[in-house]
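Look for subunit A in each of the two complexes below; its partner is subunit B in the first and subunit C in the second.
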Partner chain A sequence: MAHVSVPLYWRTLPQRYRLVGQKCKKCGSVNFPPKGVCRYCSASSEFEEVQLSGRGKVHTFVLISAGGAPPEFAEQEKAGGQYPVAIVQLEEGPKVIGQIADVDPKEVKIDMPVTTELRKIYTEEDVIRYGFKFVPATEGR
Partner chain B sequence: MAIGISGYGVYIPRLRIKKDEYAKAWGSFAAPGVDEKSVMGFDEDVLTFASKVSKRALESVPLPPDKVSRFALASTSAPYVEKLLSGTILVSVGVPNSAFTSDHTTSTRAGTEAMLAGFEHVSANQGGSALVVAADAPSASMWSTMEHALGAGAAGFVLSSDNLIAELEGSASYASEYCGERFQPREDSLLHDLNVKKFTEGSLMTNTTKAGGALLKKLGRKPEEYQHVVIQQPDARVPASVAARMGFTDAQLASGLVAKYLGDLGSASTPIGLVSVLESAKAGDTIMVISYGSGAGSDALSFKVVGDRKATVGLKDQADRKEYIDYVKYLKLKGAIV
Partner chain C sequence: MRKVAIVGAGQSRYGEFPEKGIKELFFDAYKDMVASVDKGLDPRLIESAYIGNLGSGGFQLGNMSALVSEYVGLPHINTMRIENACASGGYALVAAVMDVLSGVHKVALAGGVEKMTDVSGTKQKYWLGVSGDTEYERLAGTTFSGLYALIARRHMHEFGTKREHLSMVAVKNHKNGAQNPKAQFQREITLEQALKGPIVAAPLNLFDCCSTTDGASAVLVCDADIARQFTDTPVYVAGFGTASDYLAIHDRASTVTLEGTRRASQQAYKMAGLTPNDIHVAEVHDCFTIAELLAYEDLGFCEKGKAGPFIEEGHTQIGGDRPVNPSGGLKSKGHPIGSTGTGQAYEMFNQLRGTVQKPPRQVKGAELGLIHNVGGSGGTVSVTIMRR
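This part shows the complex of A and B:
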């Protein structure tokens, strides 16, 4: 299992729970997840915090089936069945990776609009690790 | 100063199980009037529910999260027995760390406890806004017939003195000592019930009718003056027996009867019932809400509808969006296969 200690996890809570990103003060690009140095201009380490909308489009995705899940997600696959993992291009620019929840895996399509919400990612050391997952951005959900 | 509900949000997880699945597995189904019920997904718990309805309730006003000065969370099925639960919601929604928070967790009355805590805050703090959420997905042993009714869902409300949809007219409470009905010993994460039907019915009847009766008296109202009544729904029949005793009719119960298609929503039962009513109510309608929690106690709240602004994501949308699962998948999701 990819071990993430609680203190390390805790330091990244605003980005995991609420998609707090950073805007480079030099080139204006939005970095997510937050970085030490801007990954776009590589010339600045000064940022301001920005709240991302959570909205985006599926850039590409893969379906994880039996035997394909990393150990921390094996139980999820066993109980809930196949699940999609996507690279999503956010409205603000960054491409981020995450699961798509609350969807029939067969309905996932490239360019599908998605939004984010809080879900349980996995549990380690009896501590529930919450974080964002993508869900389809349909009306009336 | 008039205070009341300025916005609301609701969330029902997508999965459903029909009563036929229970009949196939056990030979019977023990939740009167419940046709199907909602089931929590594997990667959800009451805190992810609460995060979702908090955002929806705030958007429906709309109110920015940094304007919330009081947060209250109700649930009988929290993932931790000890640990502040509100913190997860504050961070995921963006409610200020300076907001006073409280977690209400020990009975299905918790939903109205949280609402009343929120109302106390907005009546004492002019300009204050309370975000109150009830999120529940109770669990019992698969061997227990009380398990059959248990569903999952959440509702949240923004309470303030501004931009009201429904004004609070008054409240009354009644608490008493009953034991042996729906309890959870510290050493067990599942609900217990000694299954003494008459005793349970007596407790429920006493507490609900005392709280409801006291509120009618306080407001000088008669049951027939209400358009809508929401009563705790451990199944879909119980509300009718309480209503009959108090002089309310089935017609007054209809708009808030959600257990028929969602099951027993625990502390979120009356809050989700209230959302259901708000979606169909017209300005001028009056609503009586009576909760019940074992142990035992009831809160009664009376509302007058003053606006018909609806939330963007409605209960009907949520109820219609569903995927049926069979009993084996249900056992897996409930963690009942170990």
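This part shows the complex of A and C:
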């Protein structure tokens, strides 16, 4: 059974907890999630760490219903109904996928401004996994 | 330069077969392939077998190609499993073609097999939903329906593609599949039904999604110089191409283009000395309805963004100027992951030889056909062009 083990998850905690990206020392582009070689210039593997703001705009989104939810998210769908997942264009450049919380699914729109918060993502191997989710950007957050 | 011919092709029925495992399914396809070789086949001539497969039904994860090869009577050949998710079969065909082109072997088998219905729905989603990006896409709570829905929503936003355009793909492919005796779902659906399916991952509903399928297929390729010892009507491999892409959609420059399809098809057109307009019939990878619309654009059948009007105008119907998925496609014929690519080759072999089982499905006079197989949401893509 394919799954994301705790050690595999741990290796991505800097991204999931603190949005740590890589700024390419050659072309200056920001990679997030990290790559071995810069995804933009394909010419450098020298990076400096940067912390992303978490702010961005919805590029596209889907509302996941029961038939589309992976087993580890089925409970969330059962309890709360369909949930939105978006690809968000971050203000530093890269796009990244994540759920949108604290929103009526009917209110989600392309180009809607969002920001990130640390939330519970799911539970596997009896370990609660935390990571970023998007929430609508409002005054003060 | 050496040329490659296809001289036989077979397919099991696609569907749900509790009595059959991967060995039995593959044997069904193999026997059907042997029966299709007009002048007969001495199995001792087969030197190589490339078998597309993703999960062996969670049963024989290692050395499965040796197992299915020996079961059909080929115990001591060059055999290997090819795994590129849903494009495994298409890549198995390309591997067999490259083998023969290299001159190492003269006769090679390309096949595929998948046993999907032995595993529970929950396990299937673990087993199948992991050919996209696992760390981010999966952990955002998506499976493939969700990923293709992200593409569909953006396509609608950028180009004005309508919900009805998606459903038109399902209606067309079910209409074709209703004439295919080997298809999983041999029934037509109405546009109204297709529009009102239960929501899976909005904007996609159940009728936008292909199913869970058992099935196998097998294609015999050989050096064109010896093709006539097998048949007087071989089909030739005119060109092929393969290309990969960023696994996660969020890493791609464009959300609404499968760059793998664009690049793989351009390689194939160039090798064949053809343009998209030369293709008479195509089998494309319609795992979700939006995927067929993307294929129209990325294979060059219409301009980027115009796939909605392209299907609406009827170009891709049988009888239109560029029929697509006369077999019923993944949508109606079924999608036994590892078998899908070589199953497309089976359909095209018959289309180009004028030997499809039920005449309404035959594209009349087709001489040039293209098959297109996509792994995951576009992480891998293969395209092969065949000529009568």
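Just so we're on the same page, the second predicted complex is superposed on the first by the 137 of 141 C-alpha atoms of A that agree within 3 Å, B and C clash if a C-alpha of one lies under 4 Å from a C-alpha of the other, contacts with A are read in each partner's own complex, and residues count from 1 in each chain.
The rule we apply is simple: a contact is a pair of C-beta atoms (placed from the backbone, for glycine too) under 8 Å apart; a residue touches a chain by one contact, two chains touch by 3 or more.
Remember, predicted model here, so these are calculated numbers, not experimental data.
Colleague: Based on the superposition on subunit A, does the combination of subunit B and subunit C result in a clash or a fit?
Modeller: In the superposition, subunit B and subunit C stay clear of each other.
Colleague: Touch test for A:Gly68: subunit B only (first), subunit C only (second), both, or neither?
Modeller: second
Colleague: So, A:Phe47: does it touch subunit B (first), subunit C (second), both, or neither?
Modeller: A:Phe47 sits against neither subunit B nor subunit C.
Colleague: Could you say whether A:Lys120 touches subunit B, subunit C, both of them, or neither, answering first, second, both or neither?
Modeller: first
Colleague: Name the contact category of A:Arg18: first (subunit B only), second (subunit C only), both, or neither.
Modeller: first
Colleague: According to the stated criteria, A:Gln76 is in contact with first (subunit B), second (subunit C), both, or neither; which is it?
Modeller: Both partners, subunit B and subunit C.
Colleague: Thinking of the overlay built on chain A, is A:Lys95 touched by subunit B (first), by subunit C (second), by both, or by neither?
Modeller: Touch status of A:Lys95: second partner only.
Colleague: In the three-chain superposition, say which chain, subunit B or subunit C, touches more residues of subunit A.
Modeller: C
Colleague: For the combined overlay, can you note the least CA distance between subunit B and subunit C, rounded to whole Å?
Modeller: 12
Colleague: Could you tell me which stretches of subunit A are touched by subunit B in one complex and by subunit C in the other?
Modeller: Looking at subunit A, the two contact sets intersect at 76, 99, 121.
Colleague: Give the list of subunit C residues in touch with subunit A in this complex.
Modeller: Spelled out, the residues of subunit C in touch with subunit A are 122-123, 125-127, 129-130, 134-143, 145-146, 149-151, 153-154, 157, 198-204, 206, 246, 248-251, 255.
Colleague: Name, in rising order, each residue of subunit B that touches subunit A in their complex.
Modeller: So the residues of subunit B touching subunit A come out as 14, 41-45, 47-48, 51-52, 79, 88, 91-94, 312-314, 317-318, 321, 323, 332-333, 335.
Colleague: Spell out the residues on subunit A that touch subunit B in their complex, using ranges where they run on.
Modeller: Against subunit B, subunit A makes touches at 13-14, 17-18, 51, 76, 78-80, 99, 101-102, 104, 117-121, 128, 130, 133, 139-141.
Colleague: Under the touch definition given earlier, write down the residues of subunit A that touch subunit C in their complex.
Modeller: 1-4, 8, 12, 33, 39, 59-65, 67-71, 73-74, 76, 82-83, 85-87, 94-99, 110, 121-122, 129, 131
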